[in-house]
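Report on the following structure.
Letters A, B and C mark the chains in the order given here, with residues in each chain numbered from 1 onward.
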Amino acid sequence: MSRRWLVRRIGVAIVVLFVALLINFILPRLMPGDAADIYATAGRMTEQERMAIVQRFGLDQPLWTQFTKYIVNSFQGNFGYSFTYYPSTVMSKVVQALPWSLFLIINAMILQVIIAFILGATSAWKAGGKFDATTQALSLALWATPMFWLAMLALYFFGAQLHWFPIGGQATAAANYSSFFERIGDYYYHATLPIAVLVINQFGGYQLIMRNTMVTTIKEHYITTAEAKGVSERAVKYRHAARNAMLPMVTSVGLRFSLAVAGSIFTEMIFNYNGIGRLIFQSVQMRDYPVLQGCFFILSCSVIIANLLVDILYHRLDPRIRH
Amino acid sequence: MQDQEQRSSWWQTALKSLFAWWPEFRKSKIGITGLIIVVIMTTLILGASVFASHGPFEKDISIGWGGGNRYWTSTWDNQGDVSLTDEGVAYRSNPDPSITEYHVRFQSNGSIKRSFDLSNTLEVGPHFTFQAKAVSFADGDEATCLVSADGVNWRTAAIWENGDDDGTYHLYEIDLTTDPNWRSRNYWIAFEADMSSSDANFYIDEVAVALSAPGYSIVSPKDSFEPYAKTYEAPSWEHILGTNSQSEDVWSRLLYSGQNSLMIGFVAALLITSIGSGLGLMSGYFGGLIEELVMRLADILLILPRLPLLIVLSAYLTPGPWTVIMLLTVTGWAGIARSTRAQTLSVKEHSYVEASKSVGASHIRIIVQHILPNVAGIVIAAFVMEVVVAILVESGLSFLGLGSLSHPTWGVMLHFAQTDAAFTWNAWWWIIPPGACIALLGLAFAYIGNTLNDRFVLRLGNRRKG
Amino acid sequence: MPLLEVTDLRTHYYTEAGPVKAADGVSFTLEKGESIGIAGESGCGKTTVAMSLMRLIKGGAVVGGKIMLGDLSLLDMEMDEFRKVRWERISLISQAAMGALNPVYTIGSQIVEAIRTHQQCSKKEAWDRARGLLSQVKVDPSRVKNFPHELSGGMRQRVMIAMALACDPDIVIADEPTTALDVVTQVQVLRLLIDLQKRLDLALIYISHELSVLGQACDKIIIMYAGKIVEMGPTAKIFSEPKHPYTQKLLGSLMDIHAAGAFPESIPGQPPDLIDPPKGCRFWPRCTTGEAICETEEPALVEIEPGRFVACRQLNKAINE
């Protein structure tokens, strides 16, 4: 991996981050009213507290100064206070919620990739066959299904009707875990439905990429070589073809991370899962702009970082570009 | 002359390239399935006024007679902003300043005439007595009770004046013999309210009806009916998909909301594809500063998480269909711009483009004649897929409460289903249909788009290679 | 009994327009330690024959004929059984320069995979064998952990050869092994292959469109045209007295570098459509000496002298008379 490549890649990430901050900076200032109200809801704060915020964010100063102060504050993790939960800071709300969202997203993405790997490889193995047609039709149909609706149905049938899974929350309330495994088990028990909905709705995208790459991969000469070697069909399919065909799918994880983020907003909202998504939903309802912006920023950050990590991983996975 | 001939042939090429997918497309089972679903759904949605059993904002508010299962339906003259709460109070939400007068009418429908046995009172002539309570008027409001023996000719039985909103019962008496059709055994009853103030309410609390003759005791048993909004009604012949918490007919709402979903999805996709492919084509063809600018912007947009961005933006803006369309377009053009640019670049490499250039063909001519036919496949397929994405994203935003309530879509329906806890009422008929409609329309478009991609775009790629 | 006996092999590829008869009644035998070359224009079915032997036909099928390896009837075996024949008995050298080696695995692990699929041995043994094989093909054994893209085209081809020898096969099929290489490397790889064939007493099926290459490498040559064998015989005889008009033209098209200024003669016309091949002799449309009967009557492959077969009506007629 060349250093130049890495530097360039990080440069892009920083620019995008900057744009996210810029959006956050500009939007509230386009609204009518006092700029200080962005950070301090009228009436909830004492005049003293209000002045402290005006001071800190330079709200009585020219726009340029405001901007530089905004950037500095952002990098210190200071995004002001929540309207609804004052005096909680935006950062504290976001930091509480983020791990839960990442828990959902990462688990879901791993499962999606595994399912897509197997289904994509299998449907391409006999491209144009019945299995191929069925999986393609099915994954397109699931992709076109609104995530939140799927979540509502899952909650209703498996939660409310069948009582197989809890109908909300991310952990049993006031639970006393006797061991680490019990804790993790409880987390997964609560996350099963949200993760399942995320996986079902979104694996299709990966599957399509996997399948299409696999279709071209199995025409490669080295697949013929592997077959000629007398290796079992399974080994040819997975060890030789799918292993090569998975690279584009793995790279797409970076770009599709933001889709998973979008999906988690809906699932968390429906399942009352206290992650970033639910925080966003609550902030939308309460018009809690600072928290909303904080969430947007933190999600942008995670997407950017995920993109970066995947690009680096891709360089590791494909020996051809490693040098 | 020759010039003219050539021009017509350009247009022919351009037109041909627009429909070049059809012969191939016809062979795909999945694509045809998608097309059929789209045609059926679009017909139903666009013909909502024919296929819907109820008006777009009609609320089915009924008054059960004697606690039985007979209902009175309401009609709203200035419909739109009048809705009924769970308790059966008609009130105006979101007052529209341009409408200054409201007329609310509860009326029994044909099948629920009430019959009275009048045989004992024929000689002396029956009197119709009723006791009613109407609550919540403002100054200048007036409510009328009307009776009719035939449902056609109505006569005023009683008038509530303003100020009579103290919640007490009033006894009204009418001499039915003055009605030319008084021998009818079925009587109709209706209540009408004219309200002019912005916080107008009309509420029939309870009505008890009895027949009597002067000097006689009451001949027919006292009967009463109560206002009853048909909320969370299970599917029936009258409401084939039941009613929602607002006592609206779900089937009708589904069709009318579909119009908005489809419109937003279609217009947004049209804007996204035309702007995206236009920018992509220009940056691919002209290169230079335009390309640099457009592509870097696209890079940024592609990395930023779209839904959170949309949520933040729409939280600051006034919701409405055009706001949604605008936001979808601004955040959605990048992907198509990128693929169109790539395709344009590869076409530009072709010798015939070089040749045309050297002969001095104009840019427009080269673009229309050479580039467009080669880019059309990608753009058409992308457009179809973009309709799905736009409908999905719009429904998501609306579901979060950021959609346009004035032009409700399927997403808005689901938003209200969620906030009104439809599942707690087991009102699956309110939740399953809108989501299923999004999914069905989405998958139909996705099938079409996927087929176009498979049969046309990929093939185009092969042709280019070969 | 010959080592390999192919009788009336018919392989079709399925297309929308109908089945393509890519190999249509091909018969030949191969003895132990014998090297046989198959030549012809591209699309004549020579690779199809090789792939049919390995049962690796894609988008088509072997629809008739018999392939006997010793007393094993290859086409009648269950796939699971047949996989044991692959590489263990028959191995394949294809154009490594064109991606016959898997790019994501080291060359060593690909050789080891071949060994361990067929033979019970420890990983360490297998790796040692892989190193040994590499030195046998004159590749530095320390390169065993290299990825294919880290090697030159010639080295990749040697690795491919080493891999083909991994299980001591009876028959090695080399399908255009030197085609994508530069001339110098071609010669080196060819020498190596010939040398190994002699030393290990391999039976070799060498497929190439270059007759000159086959002339150096093979004891026996099969000339194919449009899915059929038109001529077959000892290399020296084919070169010194080609019988079939097609063979003659093919030899005529060889660039004779000694005859300065003389351009090689090309064969006018195109090979026939194999979906609907000509009724009679398939070469008839391009043949300059053909007669009317050739258009309708298909010539049989006749043994004109021991080990020498020709499918041409005129020649056969001459012999019969």
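Definition applied: a residue touches a chain if its C-beta (ideal position, glycine included) is under 8 Å from a C-beta of that chain, and two chains touch if they have at least 3 such contacts.
Just so we're clear, the structure is a prediction, and the values are computed from it rather than from any experiment.
Chain-level centrality, scored on Cα centres against the all-protein Cα centre, points to A. Farthest from chain C, judged by the mean position of CA atoms in each chain, is B.
Chain A and chain B have Cα centroids lying 32 Å from one another.
Separating the CA-averaged centres of chain A and chain C is a span of 54 Å. Measuring from the averaged C-alpha position of chain B to that of chain C gives a distance of 69 Å.
Partner chain C is touched in their complex by these residues of chain A: 220-222, 224-233, 240, 243-244, 317-320, 323. Contact residues on chain C toward chain A in their complex (touch as defined above): 54, 56, 79, 83-88, 91-92, 94-95, 98-104, 113-114, 117-118, 147, 149-150, 160, 163. Residue ranges on chain A touching chain B, taken from their complex, read 12-13, 15-16, 19-20, 23-24, 27-28, 30-31, 133, 136-137, 140-141, 143-150, 152-153, 155-156, 160, 255, 258, 261-262, 265-266, 269-270, 280-281, 283-285, 287, 289, 292-293, 295-296, 299-300, 303-304, 307. Chain B meets chain A in the complex at residues 30, 299-300, 302-309, 311-313, 315-316, 388, 392, 395-396, 399-402, 411, 414, 418, 423, 428, 431-432, 434-435, 438-439, 441-443, 445-447, 450.
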